[in-house]
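One structure, pasted below without further comment.
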Amino acid sequence: MASENAAIEPEISVQANNPEFYEDSSAEQLITKKDLNKMVWRSLLLQASFNYERMQAAGWLYSILPGLKKVHKNKHDLSESMKSHMEFFNTHPFLVNIIMGIVLAMEERKQNRNTIRAIRVAMMGPLGGIGDALFWLTLLPICVGIGASLGADGNPIGALVFLIIFNVVHFGLRFGLMRYGYNAGTNAISSLKENTKKVSHAASIVGLTVVGGLIASFVQLKANLVIHAGKAEIALQEDLLDKIMPNMLPLGYTLLMYYLLKRGLSPVILILITVVIGIIGKIPFPFGTIL
Amino acid sequence: MDQEILLQALLIAIWAGIAGIDLFNGLLHIHRPIVTGVIVGLILGDLPTGVMTGAAIELVWAGMVPLAGAQPPNVVIGGIIGTAFAILTGQDPQVAIGVAVPFAVAVQACITLMFTAFSPVMHKADKYAEEANTKGIDRINYLGIATLFVFYFVVAFLPIYFGADAAKSVVESLPAWIIAGLGTAGGMMAAIGFAMLLKIMLKKQYIAYFIVGFILVTYLQMPIIAVALIGLAIAMYDFYKTIGGQGAAMRGARGRGI
Amino acid sequence: MDQEILLQALLIAIWAGIAGIDLFNGLLHIHRPIVTGVIVGLILGDLPTGVMTGAAIELVWAGMVPLAGAQPPNVVIGGIIGTAFAILTGQDPQVAIGVAVPFAVAVQACITLMFTAFSPVMHKADKYAEEANTKGIDRINYLGIATLFVFYFVVAFLPIYFGADAAKSVVESLPAWIIAGLGTAGGMMAAIGFAMLLKIMLKKQYIAYFIVGFILVTYLQMPIIAVALIGLAIAMYDFYKTIGGQGAAMRGARGRGI
Amino acid sequence: MASENAAIEPEISVQANNPEFYEDSSAEQLITKKDLNKMVWRSLLLQASFNYERMQAAGWLYSILPGLKKVHKNKHDLSESMKSHMEFFNTHPFLVNIIMGIVLAMEERKQNRNTIRAIRVAMMGPLGGIGDALFWLTLLPICVGIGASLGADGNPIGALVFLIIFNVVHFGLRFGLMRYGYNAGTNAISSLKENTKKVSHAASIVGLTVVGGLIASFVQLKANLVIHAGKAEIALQEDLLDKIMPNMLPLGYTLLMYYLLKRGLSPVILILITVVIGIIGKIPFPFGTIL
Amino acid sequence: MDQEILLQALLIAIWAGIAGIDLFNGLLHIHRPIVTGVIVGLILGDLPTGVMTGAAIELVWAGMVPLAGAQPPNVVIGGIIGTAFAILTGQDPQVAIGVAVPFAVAVQACITLMFTAFSPVMHKADKYAEEANTKGIDRINYLGIATLFVFYFVVAFLPIYFGADAAKSVVESLPAWIIAGLGTAGGMMAAIGFAMLLKIMLKKQYIAYFIVGFILVTYLQMPIIAVALIGLAIAMYDFYKTIGGQGAAMRGARGRGI
Amino acid sequence: MASENAAIEPEISVQANNPEFYEDSSAEQLITKKDLNKMVWRSLLLQASFNYERMQAAGWLYSILPGLKKVHKNKHDLSESMKSHMEFFNTHPFLVNIIMGIVLAMEERKQNRNTIRAIRVAMMGPLGGIGDALFWLTLLPICVGIGASLGADGNPIGALVFLIIFNVVHFGLRFGLMRYGYNAGTNAISSLKENTKKVSHAASIVGLTVVGGLIASFVQLKANLVIHAGKAEIALQEDLLDKIMPNMLPLGYTLLMYYLLKRGLSPVILILITVVIGIIGKIPFPFGTIL
């Protein structure tokens, strides 16, 4: 069984302490709750040095440094660990704390470095997407909506209510997930591989369901063209596109962007294209505007 | 008078620095227009206009959040310039938004540049990691924060101190359809963020869920939280089904093997 | 007059006994207020008021059914007292409901007590079973029926014979918010029944379906029959999938084994 | 295969006639259609002796007694059978008839007593839940709704229509399910185990879907509080809770009750708590009522 | 005048022949009333009435398409006779439809007969196949096309040339409820087509999807394209699940075997 | 593995060139793109000789004849092939092209005749149903709807727009599917069996979901009866049927037709029954009409 699984996902495999990776492979429990909390606070700077080459890598390393220092007293080990954590990293800034917890538990146990790398990589993608969907695009609009409806007549209380609701969830999650991740990592190191895959699969399901919905709610694009054919008027949006499928254009445009991204175009180019299309769409042609 | 506007511009610029950091770090979301409207309103002494302009700007920026590192038109500068402009020139919130959008797009471009420019610094960080120099790593991140602060400070200070009137006249001289076009582009911008998410997350076997989510909103007008719950239900179904299925497969195998 | 009210009270009490049995046995549902309203209306000589009050009381008791043995406020007594009170005092159905609720809650408590008190009788039944004494088992069940009849008879007779006016004055002296509060509590009562169902049926792997059902009603206002059909569809999908999956597992195993 | 399944569910296993359970293990077909119908009528008293220790046990035994007497001529066997049927039992009073049918078929075949027990236990739970959902909370409101709309102007015909529709389904089900259960039990004794599990699983799926929906339709709970913050008014229900999710309170309250039940509180206490909350909710505080 | 109507009837009959072929072959859908209305309108010199009558007839024939070879009331003749009648007699489109329906039903019957009558020809085709006579096969198909053309030509020509007035008086002498009844039957006709589809496609394990589709339209008023997308999503889920499950089964087996 | 699968579906098994089926079993690639396109055009006559014994069989043979002639130079082989293609055939006239493509690729490769037959049979059913659902009952109404709304005021442009949209999809599909099928057939002959089953299963899922929806949208049947009971009026449709479930009658009538079909009644009889019911339903009885 083991051999067969190894054949399928050679990159993820959990093993005991690894003399070949560590000079000092003693695996005591050193990280305290206080350390965890401190690292949650540091993780607020996860994107301090955000950049398109490594994204959050340096911020991630910064966030977990106190833990690494405690765990790896040996300088060689610390250097190895730090180097591996400078590799590309990007996930949702709230959900990062669960990955931190798990990874710290694994570092403490002096797990195989490749395993740690695998967990870190396997979790960051789906948690990034699901976090964006749930926090940036669901939690945030709900909270903003509540706040805005209270501030509609110029009352600043709305802003306060917004900040309170949002941050109660925000910090509740951060501290909770950090602890949850650390415990999960400690207790269940050996079952981590399988769970990572399943959690990541489940997160992808939720994530993509939500993204599908978000495109329909957030991307704004409507044709304004009216085609005159003899006496008849065909309103492109209402008479044609909406009859085929509402929200066709938002969906189509997103898929176009997706296609262009896959063809290697950079987001910056896509933004430019979008601005150009937007402006062209509003040019007052004799027959009306396009968008 | 000049003294007062200098002080106000400085205060707003400090707020812009703080909010600019919060957009990517801290993430208390004090950078949202709904909050910024209050603060700028207080600084400029017209709280109600600030609050209402902030709320109006919120609507425009709904859904424009940084996804997978993709920058939408900058919400910090959009909110600050928009609110300040509305108060200082007494214009309607809608016009204020029109004025704010080009700034927001420009800053969006700058931030994208900055994130590109910061890439080489990572090689410095690699060296620190090699040397196990934890202080160095700290410094790099603090440097990032400082850069962000300075950048937003400057970007907010200049147009407000020098520019309210200039901005107004520039905007008024621009054809209305360009401003409208920028707004339309803003509405489309979220597509890029979603496309980046799709690039990361979409595999063939996930297309089904994507379709479901799209249908639920398009045809049933479900709010996103309901869509997320449906997604969760599917994920749970799948999770337990897979576990069960594997169990069956194992038992099948076990029952027969040898 | 006194004679007449005695006769009426007796007839209503007999009906209460029958309906009380029907609530748990027989289950023809002649105990529902919609039927009770007709009967009480006939007995008291005001059919239209009876029918209409019965229909009004139905609305309040919708969803308050005994689930997993949990007693909601008693629908039999609620319906009977409510209708009788409406006819006898000429009050509005809504006030009649307010009067009926405390009785219904009290009887709910009594029934719960009775179901507790009947527990020891089971040990008698065990003995009969041991002795293969089938007559004994019969007797125990007939005893139960008789107890129910007597209980409901008494509970319905007393307040109607002695109490219409007393009840009226008690109710009128109670602060309105207490009556309103009882009504609110009635509306929440169904939660307990559902909680008992959940305690029996809910396992981790069923949470998904629970969510789906909740969403379909909350966001799409589907009637329960549609929700049940969706549940059925999922169950059928799952059923055939499991069969198929097991088949595959077996075939996989068979194909390889030995 | 057999051994492996036994390891998984040792409690359910179907075997041939069992001398170790019965003194008289002859398994002729003795129960007639007339007997089945008679037992359907008796099952109307299923809850005659309802109580919180065994719930419907004595009523269940009462209902199937005619069958048991016919099948077990031997007094020892009858006593054994009766004792086992006095164990805890509770299910939906309409759906009980299918369990009766199956169990009677098994008794007649002199099946292993443990198997009979297992079938009885495995079916009662899910059929209880699904029956409550389908009959008490779906069929009943539909029929009542039809009846009530006909009686709205004081016409008693509504009550009659209600009783007719409801009871046609009611008795149709009872007699149909009894016969179906008996035949299923007779024909397919050996496949019963597997089917029980699957039917029970399927019933749970339907049941929980429906219960989720029922909570949203039947539990009534709305906040009435309006928070005054300066000039602004925040209506707790409309401005806050409904924005997050409609029906939050009914769901939350049900889950609270569920949690308290699992913590061991009795339903009676929960009823009391509910009454108290209801009354408190309507106290006319200076700032308005809570509920 | 007579000359003119002869020419018009001939032209319409030719169109009927072409459209009749298109109903089963070619399938450009020039046979739909929306197109036929235009053509007949042009021939009879009243384009607007033609267009509008065509659109009205479309509504009636929505969903009446040949499924699994089952013939609904014939749309070609229904459309042509209906439009021609509306223009020639100046009647309202609704009355024109009433007139067209009996013709459409009669032609429906004839086509069904024709498809039965063509069966023996297949044995000829078998012989050609045996002899590898490809020309023979070609000829049989061209014969079919020719038959269709002639049939529709005649069926359209006669009532228009001879019958506009006759048809009108027949229709006016029929009780209105018979015409109404034919309309109602038309509305039910689609059920037969769906039943034929079900006969071919329905297996026990597909009932679940059938229910889902029915619910989505009945309770959520989803358009069919959305229903199709939901069906697609389920199919994809199932597809990848089966693949995954088989994989698991195989792996399970592989891991254990030998 | 192979033996076991053969046991399950003996009718579908893919093998190499088959001397026992062909006198000339050389398997060169002879069919050109031009040939494929030509056969698409011929397939427009798929139903030229439609009849209830073989349905589209002769039209199908007509459509692929050019390919068969090219592939089977040997007269015996051509005759064998033609005979087998004269067997019963019926599918959706647009989707037929994908089956044509696959079958032609298999003929060219001189596949086992039974395998070709199996593929042809396995695909025709589901593709028929799904095609009817998607093209006759979804695409067509959408296009007609667009056209009709443009022609509402007597403007003939609607008809033109209708024809253009519809036929762009129509011919796009035909040519695309023909090529797709031919390539799929050529490249993946050996995996065809499994895919056919899966595609057919997936198509059935989509098809039945859609048919369920179509019944609710296209079958028109409403009761008009009002029952007078004393002063009360019970409108059968609104007060009773719609309360139980809207669209009950369309569903019920379709299932009745389905049942009668399965009992062997011919569609012609069902049409007659339907006409009779329709007319009876509109008889002006003293108490009103039934339908």
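All chains are identified by letter, namely A, B, C, D, E and F, in their written order; residue positions are counted from 1 within each chain.
Keep in mind that, in the parts below, a contact is a pair of C-beta atoms (placed from the backbone, for glycine too) under 8 Å apart; a residue touches a chain by one contact, two chains touch by 3 or more.
Labels paired with UniProt names: A, D, F = PTS N-acetylgalactosamine transporter subunit IID; B, C, E = PTS N-acetylgalactosamine transporter subunit IIC.
Note that this is a predicted model, so its numbers are computed, not measured.
*Asks:* Using the contact definition stated above, find the chains touching both chain A and chain E.
*Replies:* B, F
*Asks:* If you fit chain B onto chain E using only Cα atoms, how far does it have to rotate, to the nearest 5°?
*Replies:* Copies differ by a rotation of 120 degrees.
*Asks:* Averaging over Cα atoms per chain, report the distance between chain B and chain C in Å.
*Replies:* 54
*Asks:* Just how far, in Å, is the C-alpha centre of chain F from the one of chain A?
*Replies:* Computed from C-alpha means, the inter-chain centre distance equals 45 Å.
*Asks:* Name the residues of chain E that each touch 2 or more other chains.
*Replies:* 207, 209, 211-212, 214-215, 218-220, 222, 225-226, 230, 232, 234, 236, 238, 241-242, 245, 248-249, 251-257, in rising order.
*Asks:* Among all residues of chain F, which ones touch two or more of the remaining chains?
*Replies:* Only 142, 151, 153, 155, 158, 244-245 qualify.
*Asks:* In their shared complex, at which residues does chain D touch chain F?
*Replies:* It is residues 142, 145-146, 149-151, 153, 155, 157-158, 161 of chain D that touch chain F.
*Asks:* Using the touch definition up top, name the residues of chain F that touch chain D in the complex.
*Replies:* Touching chain D: residues 229-232, 234, 239-240, 243-244 of chain F.
*Asks:* Residue numbers of chain C touching chain B in their complex, please.
*Replies:* 204-205, 207-209, 211-212, 214-215, 218-220, 234, 238, 241-242, 245-246, 248-250, 252-254, 256-258
*Asks:* So in the complex, which bits of chain A are touching chain B?
*Replies:* Contacts found on chain A: 44-55, 57-59, 61-62, 65, 68-69, 75, 78-79, 82-83, 85-86, 90, 93-94, 125-126, 128-129, 132-134, 136-138, 140-142, 144, 147-148, 151-156, 158-159, 162-163, 166-167, 170, 198, 201-221, 245-247, 250-251, 253-255, 257-258, 260-262, 267-268, 270-271, 274-284, 289, 291.
*Asks:* So in the complex, the part of chain E that touches chain F is made up of which residues?
*Replies:* Against chain F, the touching part of chain E is residues 24-30, 32, 34-35, 37-38, 41, 47-49, 51-52, 54-55, 58-59, 62-63, 65-71, 105, 108-109, 112, 115-119, 121-122, 125-126, 128-132, 134, 137-138, 140-145, 148, 177-178, 180-203, 206-207, 209-219, 222, 224-225, 227-228, 230-232, 234-236, 238-239, 242.
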